[in-house]
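Each in structure tokens, the structures are laid out below.
Next come two complexes built around subunit A: one with subunit B, the other with subunit C.
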Partner chain A sequence: MTGLRLFAHGCLYQYRALFNWATPLGYASSKLLVPVFQVVFFVQLGVFATGGGDPTYFAIGNAMQVTALNGIFGVVMTVGNERQFGTLPLLLASPASRLATFLGRSAFHVVDGIISVVIAFAVAQLLFGLRLAHADLPLLAASVVAVALSTCGIGLLLGSCSLVSRDILLVANLVYFLFLVVAGVNFPVTRLPGALQVVSRGLPMSRGIAAARLAVAGAPASRALPLLGQELLVGAAYAAAGYLLFRVLEGWARRGGLQEAF
Partner chain B sequence: MSVAAVELRALRKVYRHRHGWGRGSAETVALESVDLDVPPGELFGLLGPNGAGKTTVVKICTTLLLPTAGTARVLGEDVSQAGRQLRQRIGFVFGGERGLYWRLSGYDNLRYFGDLYRLPPDRARRRIDELVQLVGLEGRIHDRVERYSRGMKQRLHLARGLLHDPELLFLDEPTIGLDPVGARDLRQLVRGLADRGTTVFLTTHAMLEAEAICDRIAVVHRGRIIAAGAPDVVRRQGADLGVVEFEAVGIDDRLVQRLRQLPGVEAVQVVAGELTHRVTVQCPDPASLVLQLGPCLDGALAVGLRVREPTLEDAYIRLVAEPAP
Partner chain C sequence: MSVWRVIRRTWLIQLRLRVAFPISYFQVLLQPLVFGGIGLLLYSAGGRSAHLAFAVIGGGLVGLWSVTLFNAGFDIQAERWAGTLEQLMGCPTPLAAVIVGKIASSLCLGLASLAANLAVGWVFFPHLFHRIDAIPFAISGALTLLAFFAISLVIAPLFAWTRTAGALANGMETPAYLLGGFMFPVAILAGWVQPLAGLFAPSWTVRALYAAAGESASRPDYPLWWGLGLAGTAVYLALSAGLFHLLETRARRSGRIGFA
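And then the complex of A and B:
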């Protein structure tokens, strides 16, 4: 029990230590405004392009994708900031469990991701009249949680890369926009050329979004649940790869291969 | 016989660095071969000029770097294999302002590191109160670190290093950037820790600091230990020499070079002052050197000339002086 408390405590301090989001203004701008603008922009565009069509498709896709803001940028910046503050060596030379530290880095971003999606859905409903009357809300909630978790998985992998490279935010940007293209956010994955469909299957998000669409349409849970299972598996695979890479790079750093790390 | 706190044997560290994609790599030999023993309970000082390898030794001992060859045993454990247990038993402070979360208060920084060192919350709170008193940060501990002066950050670093009550504390240039009073306070604090049983391994280039508080010192130069012992012993390694010291006006590189080449001169140090340069010359026979000075200085003016016994600083300067060409 104390172990769990220590973990939660550590997560909170880490989060506050590393982000100005922990101040009300910073939080509002990154957690409220960015998701709102993204949803407004793409839903508006989609409705316009389809000649006044149904906003639902665009609203669900973009609301779900907003999790990637936290999952990717939040987690990546955790490691990057640590390096910038010069606290990374202190962390690496401490007896703290690597796995707990590593998971702790993403815990708050999962929660944050969920909050962002809820806000995005609320905006879609207020401004565009997204209809959730037939929706299976628990299933929709499960889809949101699954995507928040799985995007953190890829964030952890990128975060590990940022141990070696200062330029990982560029890659993170790339991945974020890649999601826009391949994850079925604004158009179905089946519209993509074959190669990109393969990429889509290898990344988190697309299955979670598909499950959310099923949930909003009120489809039976038996169709959405396997998708969510796969979504979580993909996320876990990225997280595991991230952890392994972290350990490998830690070894490198100790051999003096990474000057920037210390 | 208790185990040594630090035991280095033929320790070697070579850094490899890439110049960027496809532009090859270079090597820096930071430690050539270092042998060193620090018994438990000692306040030990590692001295050396910039780039001598002091920080590298500390990083290896604190498990941040792996040696290229040789062994380093800390509290009886080989650092190459060591993990959590060792890390829990040692503390370290690297000089400078980095390594703190500037957006958190000093107190929250300590709480966070308390978590990393797995201190139960109530023990952490008590320990932090103690340490805040000890390092004299009462009243400011709830301010954000970004509002701290450099000295306050340094003291917070020390508190962080001591949080988990380590048996062995590494301090890499702990007084860097502190004013004279702050530096003296910190030295007293460190001395106090050692008197209460903590083994302290510190690095510095301030001779006075080493002389004032260390039980024993070693001088590292170009990756090797070139002298070791009690400060007095190291100082007396130059006892056969005397020191001639004077203020000079109008001295230049050519004249310094000529001084270096006078017979018997072992080391020449020139420190620039506002109007004059202070010149220190070490040689076995100061009296005869004084006689040779006039012709050698060639018109430059020497004032305030005196002959004295070498200090630890003189001994150090001679030890790390470039060999005469």
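And then the complex of A and C:
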């Protein structure tokens, strides 16, 4: 099987496997209720807490942050479930390209994450009158794609960690909520203590959200594009670290026969 | 074995199991502190420090709900996955007694979550506690716990019918923050949402809780709010009794309780 075919099949089947066990109700619950209500809750909280602040600020931040549902939880489960469901030894025994297999774990989640953001933006527009009149829509779309890619990058790293940890969902939850605090979702990163600002700079998402806010405000692309470049670099660094870790763990598991050991 | 002993032993064993489960610490301590922290930053940034109680108490309520929802949602599912649900159904002790014990252990953790957030608030914002009207606050807190207990007893048998319990629990988490008025008053929500919030019993007891903490725009009407909260709780308990009966009857007839 060629690398490209393997990649395409991997993308499709792993996504179907993740949701195939679910009823339409379960899928809709994950796909619609979670992102929609996250946006509604934080916009209401933000507007009330700031005494009638601009809902657009909170709507953009939270709509972008829902990509982490796919990028973190989706990707981590897709990689981690191989061990959970006993298919990891089969995967490791196959001669398939590891890079295609590994990246195939995340590709569909990039697309799915983008769809989640579109749904979240639509809800924000419908309920809170998100102002997009001056928005640079192609730039906004580029920001959404960049954040979806970069969060999948960190998801791949965490997914690799899930091959040796049984508490990876705890870590995934931590990272998801860490984004809410440090990524400039509900308030500017500059309002955080210095140490948390450093953490924010080392994680994906904050630059992408900042770029999305610039795009919605109709700022020149020259201000947002460097942020998007940095966002993609950070995501690529996490994905590369995840792949490296995956290969190291694979070698370790092969030598010790520990593919399914917790 | 008496029903009370079953409840007590289940409570103890389940509490030990939950304490040993790492994600419990996330639900009990970290998630409430994150929400409380976001609330504190937003309320103080907006120059509305007078409303910080919404962040301090609200974070704890978020933790309480998260623990209640997810544990109740998985209590029966976990027995199914462990292959012990058939034995539980087959023994003469009512399944509801076992679930009550499990839910009681969840509420203990939820209470710890609320206490942790209040303790943090007490250290950093002691002035918020000076304006608390202690007796209504304690009564409202107790009624809130009772309402959560009753909701758990509805969720547990309801989720036992589906294998997508996890996805449903995920979807139900945030709507309760809105309908319950955990971190801001329900009154700011759209008019069509208000009746829905009224059907959610904790929204009345949480309203009373915040009024007792000095967060009420109007004169508190505790008897009405407590009464409506209790009425909702009673409805949940009646609904739960029906659901448990239905679950047991259908399981015994079909013999497929292990395969939702």
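In the analysis below, the second predicted complex is superposed on the first by the 246 of 262 C-alpha atoms of A that agree within 3 Å, B and C clash if a C-alpha of one lies under 4 Å from a C-alpha of the other, contacts with A are read in each partner's own complex, and residues count from 1 in each chain.
Going forward, a contact is a pair of C-beta atoms (placed from the backbone, for glycine too) under 8 Å apart; a residue touches a chain by one contact, two chains touch by 3 or more.
Bear in mind that the values here come from a model prediction, so they are computed numbers and not experimental data.
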Touched partner set for A:5, first subunit B, second subunit C, both or neither: first
Touched partner set for A:244, first subunit B, second subunit C, both or neither: neither
First, second, both or neither for A:86, with subunit B first and subunit C second: first
Partner chain in contact with A:96 - subunit B first, subunit C second, else both or neither: first
Touching partner for A:137 - first (subunit B), second (subunit C), both, neither: neither
Touched partner set for A:53, first subunit B, second subunit C, both or neither: second
Which superposed partner A:174 touches (first subunit B, second subunit C, both, neither): second
Contact residues common to both interfaces of subunit A (with subunit B and with subunit C): 22
Residue numbers on subunit B that touch subunit A, as the complex places them: 13, 15-17, 59, 62-66, 83-85, 87-88, 92, 94, 96, 98-104, 108-109, 111-113, 115-118, 120-121, 160
Subunit A residues touching subunit C - in the complex, by the definition given at the top: 21-23, 25-30, 32-34, 37-38, 40-41, 44-46, 48-51, 53, 167, 169-170, 173-174, 177, 180-181, 186-187, 191
Subunit B-touching residues of subunit A, taken from the complex the two chains share: 2, 5-6, 9-10, 13-14, 16-18, 20, 22, 85-87, 89-96, 101, 253-257, 259, 262
Interfacial residue positions of subunit C with respect to subunit A in the complex: 22-23, 26, 30-31, 34, 37-39, 41-43, 45-48, 51, 54-55, 162-164, 166-168, 170-175, 177-178, 183-185, 188-189
